[in-house]
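In order of appearance the chains are A, B, C and D, and numbering begins at 1 in each one.
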């Protein structure tokens, strides 16, 4: 897993690729904390290169969503496909994030 | 593994991708037989998308080489990298095919 | 029959998931969704053993996979803490829970799930493939 | 310790190779070449058991992998035909042989290879990682 944060004006994009599971989710927590602390309010999570996600990875993204929303911001998730898409659909997160 | 043959004028290109191992090598044998039977004499084997090869896969490519040469033709191998490149170098095939 | 024994530790998760993915391909459905759902369910079950079952001590996980013509069964055995899978309620997805999703994923993606507490604990899960069904059960 | 038991059949080659690749990553060299060479050697050993060892009857392969700080050992056990690995000469690469390359690949890519005929036959192979060495042994 690699997670790359890019800030452009108001917008922040997190590109997460590879494997977001119980092992690697620990590594994105500090990045999520920083996005929230910086009060970035237009966040896009780009998962086009994400190969596999599990419930801990989903939990981290939901946590990002809730905290950015609490700051008055928005989180969109883009690029979902294959296994990650199946998980997001099962957990009905496709209605939450404008996928 | 998929193996795609393209003929253009005198030239034939075989693009082999995926996994060329003891299981899948059986599937390229008929394609090799046809290239030889058609007396295609300028053959390029493109392995840029080959992920893994074993000694049976190498054996099939050497067989193609020997038979095309016996017909007076040439075989080049292109695009080798990672595990397939390590195998070709170990077997000193990098000197045989203009890699 | 496929049998894998590894430490019940997240370090070995990737190895186990890859073995299960390869086993799922052997069912030969040619359907990526089938494989994705098997891998998703297995990954949650393995996480749970590593994180809950073996929270207090280390131990091994035994993974047994039976590959059928149009089905696959995975048995997971561990000697960690036991629990009662039927005690675990489905999450309320509307509240956007950040945890407690694993068992739900397993139940949703597999056709049969059973758990026997003991020495070892045994979690068994089966997924069947049927082209007709499948269109309908796609989430 | 990682233990995998599967039928000694080429259908299971991909599963076994993926497990070994994941195990090799656990050594943590971060060196793709190390992993590629381990996978190459293992693949040949598995082929040989499936194609030669179990030519006349079916049987299982047991794969045991020990992962060290900078080394990896793979033990392969089978109950098929035995052979004497030290009887197998290196191929004459100048003649472009189309077969007889497997044992050579195993010997070249692993640091130690031993074979004990018996019930079961046991092929053990170890690869050590050393950054200094490595530049030099790169083919």
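Please note the rule applied: contacts are C-beta pairs under 8 Å (C-beta built on N, C-alpha and C of every residue); 3 or more make two chains touch, one makes a residue touch a chain.
These numbers were taken from a predicted model, which means no experiment stands behind them.
Centroid distances built from C-alpha atoms place B farthest away from subunit C. The centroid of the Cα atoms in subunit A and the matching centroid in subunit C are 24 Å apart. Each chain gets a centre from the mean of its Cα atoms; for subunit A and subunit D, those two points are 40 Å apart.
Look at where the CA atoms of subunit A average out and do the same for subunit B: the two points lie 43 Å apart.
In subunit B, no residue reaches two or more other chains under the touch definition. In subunit D, the residues touching two or more other chains are 11, 14. Pairwise chain contacts in this structure: A-C, B-D, C-D.
Interface of subunit A with subunit C (complex): residues 19, 21-23, 52, 54-56, 58-60, 62-63, 65-66, 82-83, 86-87, 89-92, 96.
Those residues of subunit D that touch subunit B in the shared complex are 10-11, 13-14, 17, 32-33, 36-37, 39-40, 43-44, 47, 50-51, 93, 96-99, 101-102, 104-105, 108-109, 139. Touching subunit C in their complex are the following residues of subunit D: 1-7, 11-12, 14-15, 18-19, 21-23, 25-26.
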